[in-house]
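Here the chain labels run A, B, C, D and E in written order, and each chain numbers its own residues starting at 1.
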Amino acid sequence: MQSYFMIIISAVLVNNIVLSQFLGICPFLGVSKKLSSSLGMGGAVSFVLVLSGAITWLLQTYLLLPLNIGYLQTIAFILVIASLVQLVEMALKKIAPPLYKALGIYLPLITTNCAVLGVAIINIKKDFSFAEAMTNSLSHSIGFTMALVLMSGIRERLEEADVPKSMQGTPIALVVAALMSIAFLGFSGLI
Amino acid sequence: MTPIKKLLQVTSSPHIHSTESISSAMRDVLLALVPALLVSLYFFRVPALLLVLSCVSSAYIAEYLCLKAMGKQTPVKEQSAVVTGLLLAFCLPPTLPLWMGALGSAFGIVIAKHLFGGLGYNIFNPALIGRCFLLASFPVAMTHWITPIDGVSSASPLGMLKESMEGSLPSVTQLLVGNVSGSLGETSAVAILIGGLYLWYRGHIDLRIPASFIGTVFVLTFIIAMVNGKGISCPLFHLFAGGLFLGAFFMATDWVTTPVTKLGRILFGIGCGSLVVLIRVKGGYPEGVAYSILLMNVVTPLLDRYTKARVFGREQRNG
Amino acid sequence: MSLKDEFTKGIIKENPLFRMLLGTCPSLAITTSVDNALGMGAACIAVLLASNTVISAMRSIIPNSIRIPVYIVIIASFVTMIDQLMHAFTPALYTSLGIFIPLIVVNCIILGRAEAFASRNGVLASIMDALGMGIGFTLALVLVSSFREVLGAGTFLGMPILPEGIPAILMILPPGGFITLGCLMAGLNKLQEKFTQQEA
Amino acid sequence: MLVAAGSLAAMGAAFGVVLGVAGRKFAVEVDPRVEQILALTPGANCGACGLAGCAAFAEMVVAGEVKANACIPGGSALYEKISALLGADQQDSYEERKIAQLLCQGGYEQAKLMYEYTGIQDCHAALANFSGPKVCNFGCIRLGSCSRVCPFGAIQMGADGLPIIDPYLCTGCNKCVEECPQNILRLVGISHRVTVRCLNIDKGKSARLACSTACIKCKLCEKNCPEGAVQVLPRGNGTVAVIDYEKCTNCGICAAKCPTKAIQIMPQLSTHLVMETTTHQQSGTGCQHCSVCSQ
Amino acid sequence: MRRATFRGGIHLPGYKELTSNSATVVLPVPDKLYIPLSQHIGAPCAPFVNVGERVKKGQKIGVGKGFVSAPVHSSVSGTVTDILIMEHPSGSFVPCIVVENDRQEEWAESVKSATDTEILSPEELRSIILNAGIVGMGGATFPTHVKYSPVEGRQVDTVILNGVECEPYLTSDHRLMLEKPEQIIAGLGYIMKAVNCRKGLIGIEDNKPDAVEKMQNAAKANPGISVVVLKEKYPQGSEKQLIYACTGRHVPVGGLPIAVGVIVNNVATAVAITDAVEHGIPLIERYVTVSGDGIVTPANYLVRIGTLFNDLILQSGGFTGETEKIIAGGPMMGKTVFTSHIPVVKGTSGILVMQKKTGKISAEYPCVRCAKCVDACPAFLEPTSLAKLARRRLWKETEDGDVMSCIECGSCAFICPSQIPLLQHIRRAKQAVLAARTLTSAAQ
């Protein structure tokens, strides 16, 4: 039990995927201008991340390792993720059109979201069991969504701020991320 | 009768205004910090004075240069940078090299305040950003504590707790007076309380934040002490040791970076309190006040958004 | 557009990191030292060069509808090769870059150039484009990492520059990455503002 | 080696099959034109068209609920392509370029004030007090609401307090015209160079007392116009000089005769610049804050 | 005793001692009176007389169109010399009937004392009130008879008289309560009768203990009436806040007090009703406070409607120092006017003259989010957020932030340490929201 708790705390707070591991920076900077879109992006990434985490773990354990072709990990994983994203997109379109409308435009962006591939690789690197891998994927996606939502709250408030012209847009978002990251340093040592 | 010479002014009401202004409020904050400053000067002597001067002057110069660079009016009467510098100095160890204090002060003012547009627009408390920047950058210098008056190296009370040196813990009375090692302005809970209550009396701070902040820390540490079979001294120790009072009365109540709604302020305090206990008890640092307030600064926009008061007369039951 | 222009545009005018905001993840993660930045840059140049060449050469035979998966597979193959090579020949670098080597696959620069340039241009132009973009990216990485290494560790390429106790460790921690990149971007914005004003 | 190639191929095949099956199973009937238009769009999902992304835009265009020129980043090129695809008639009638003109010259020196306004810089807010600070109730409030709504930075407030409209930057978007509470901003075709820059309908005497450059209804313009294009006509509860652009030849006699200089003839705009800005205007570019550029 | 009050609000300096202790002066009637045809909320009146015609005191000279209107009466006998467009204290231009005073003070035929007021039915009372042209005299000038018209399914159970007078400087209601307590109690009795209700309350702030005592003594005449002593806090006199303080009820957003079974009237309105019911006299005069630091001798006056501000100011010894502002009403909610050549109307409770003070106006700072405005807002809005949205012209968002619930009391702008004109930004947003609503309803 303790170890699962540690995985969650580690992934959400201490080693936050965005603020300390630098994965998924592009959507973090790009889709965090509005709270609604950051929630959508967070939801879409979480969904794909957990699903791909499961499939890549199974693939690694039951196919790549037995066949002794671990070095094909990168190709195999990216194939899984790319197909998965497309599959999810098609399925959502058919099964849940409202959800598709909400998340649809974010899905294509996820293929090249390094958070998804990154977490899949971390799951393998850390020799997690399946349950641990799932916990890890879920916690990372929670951490991602949390960072995104917090960021968008701040950026909505920055809309009315008198930010110097050359700092507007991405630079100030990076500074906000830096200061958030300083605040998150407070969690270091929790595990 | 004096005739009307010029055109009359036509404006929108109200036509009278309270005498309060930003500068008068900042003056009150500075005044409220005086007791703690005097105590720290008594205990930590010349090094403390020099560090305070270095932080304050660096903050003021940084503020001046930033305003100049951005083509804004220079702050003739504005003491907000001085307050930032002073608050930062209060949460630094008295032995810190002066240049480090000045660097942290400038970092806080430039990065956390002026890049966001200056007064009123910052998301994070500049003084705390300065402190955490220094702590992360110079961990050795930032954790070197000395005892009051004689200035011998010694661990801070919370550090002793962390390292399980419970035998050598100072008494609660010592903590109240401030006769312990620690950051230069944080040690005396009583002096800070006096300043905080003055601010409250002047109407500048809302007691909701300090009360819920300190209350949460007390309740949580009390529960932990009960579970672990320790006495009442443990929660009291947590209240008066470290920067809890300074943080709760002067930093968690910072206007700019905390929620404007009443419910938001209570949640802010509870959040800060919980995070402090989490970091102190489970985390890697002995002290977590600065981080907890910064973390809640991050959440402030969302708190404001989701805790809006119900407008008078909207869906309220009459009774 | 001449081949020379294809080459130079990636270095300043369309610099992938500063102007097009591509590849931010590695440029924050691995810029703790100039060594890492050079290694990462080299790896990226190699993958970019290879993938651009191959995709440009094959652009007429890849069916449009499945082009993205095909590109990804091609890129992933090259990344795997680089991964293996680095593992074998530069083990120290391999460890310090860690997970970010396989993650070159999803570096937006590479897929972005494949989609935006190599799939529409000839092999030679694509090679120039890849070189320009790759060198532009590498220079950006080196710039960011120089600031961080000097200020955060007090060294440059491992050589001590600042005395002990002076460097602010924060700069090589995650916040330092964000701050350096943010301030550099703001600085470049400011420069460009001045530049355009002078032109006008 | 063989294992590697084989398993990769197998994986590829497996995913291909799954995707193929899924593609058939989850197929949603879509108008093929939607896909085609979607392919044409910039794909930035910037929302400048007012819809949720490019896919929504494509759907709405096919449904006819949105005009193809709503896509700002796509510009005229996209408009033409979509029009060709949908077979819609492209508008080919030449529309003269229009720019905003201020129909008031009551600057600080000309117009008298009733009171000194202090408060927020917004014309609507000032208007709530006795119809604005000027004695003349038909003129510019001079608080620059128009300049703040202009998306192209074409309106600057001049030294006399009146907005100055840069004819080369103005795209005729109508934003300022909608904003102005006094209705003294109008879109006028660039070939119409003579304008009555006063809308004061009060009697000549009170108009002159209010402002030194008001239309005082002396009818000198009416009497001197060789084409009969200028007339003092009833407007609201009073009268004011009005130009009939069907007849006006830009001869400028009325402007020369007008004793208060309420009628003005504008200098000819540089054709080169107008040409350039006209295309700029038609393609609808100019920053729409769609964030395409930052992506 | 715990004083009843509302949540939020601010404490203001009173400046009431300037005028509260001296008896009201009856102002000599001027030679010319300018009687505006619009002295109420609603469509303006049409003139009922022609230029050159002779009119008597209390004669109807303007009649309203529609239900929400109130007629206008001549306040002197004399000749109509002109009908012209004039400045009006509400900040607009309004047609006014100019009556030249013949000093005969000859009453119109319609003005006669009632023989027995006990037998009047609610309908008769309402028609008397309508014909007397009585409007809310606290400043809102809402036609009073409209308030008393029965609303389907709503029974009024409490009538509250507003004797709070929370605006600084103003003391006209205070003097009225001291000088005419019996008429106020009688008027409240007629109102209760007109709306069929047994309970009457008079709300007075605790800074007027003499008025409280006077009213408590007078209230002994009617067992249904009692005095509620309220805490001194601004805006205690605002309708919804007063109802909450007196009864604990919340008037719903966008609703009228009748929605919670309450009617609120000003004490001055009650006196006007007594005059109308007992003597048949329409609303032709009122109490006006003339005060401010720009006036030589501040005082309260009993003034005929249509008297120019100038006459009042002259009577008070004229201006002192450099005049900066003339305010019709109190300093918190009153409107500035640009000339003293402007008539007193039914809603003019005070005239304030403010002196120019050097270095008083300090620059506006950015908002520091101190939330003092949020704490002060009696409607529980977030003035700072609304003003920021209004500045960015996000009208729809201000509407979502309930900007229309603002009662425009000015507490936020008074308290703001950054000197941001919060209320004016909010007013601008309300203006824009209303314009958008008109547009949409026109489109439908």
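Going forward, a contact is a pair of C-beta atoms (placed from the backbone, for glycine too) under 8 Å apart; a residue touches a chain by one contact, two chains touch by 3 or more.
Remember, it's a predicted structure, so these values are computed and weren't measured experimentally.
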| item | value |
| --- | --- |
| Mutual neighbours - chains that touch chain D and chain E alike | A, B |
| Inter-chain pair with the most contacting C-beta pairs | B-E |
| Chain whose average C-alpha position is farthest from chain C's own | E |
| Reference chain B; chain at largest CA-centroid distance | D |
| Chain C-chain E separation of Cα centroids, rounded to whole Å | 71 |
| Centre distance in Å when chain B and chain E are each reduced to the mean of their C-alpha atoms | 47 |
| Chain B and chain D: spacing of chain centres that average the CA atoms, whole Å | 50 |
| Where chain B and chain C are represented by their mean Cα positions, the distance between them in whole Å | 41 |
| Residue numbers of chain C (touch at least two other chains) | 21, 73, 170, 173, 175, 179, 186 |
| Set of chain D residues in contact with two or more other chains | 12, 114-115, 119-120, 125, 128-130, 294-295 |
| In chain A, residues with contacts to at least two other chains | 30, 72, 75, 79, 83, 162, 164, 167, 170, 172, 175, 178-179, 182, 185 |
| Of chain D, residues touching chain B in the complex | 113-120, 125, 128-130, 133 |
| Complex contacts: residues of chain A adjacent to chain B | 35, 149-150, 153-154, 156-158, 161-164, 167, 172, 175-176, 178-180, 182-190 |
| Residue numbers on chain E that touch chain D, as the complex places them | 87, 91-93, 335-336, 338-339, 393, 421, 424-425, 427-428, 431-432 |
| Chain E residues within the chain A interface of the complex | 366, 388, 391-392 |
| Residue ranges of chain B touching chain C (in the complex, touch as defined) | 103, 111, 115, 133, 136-141 |
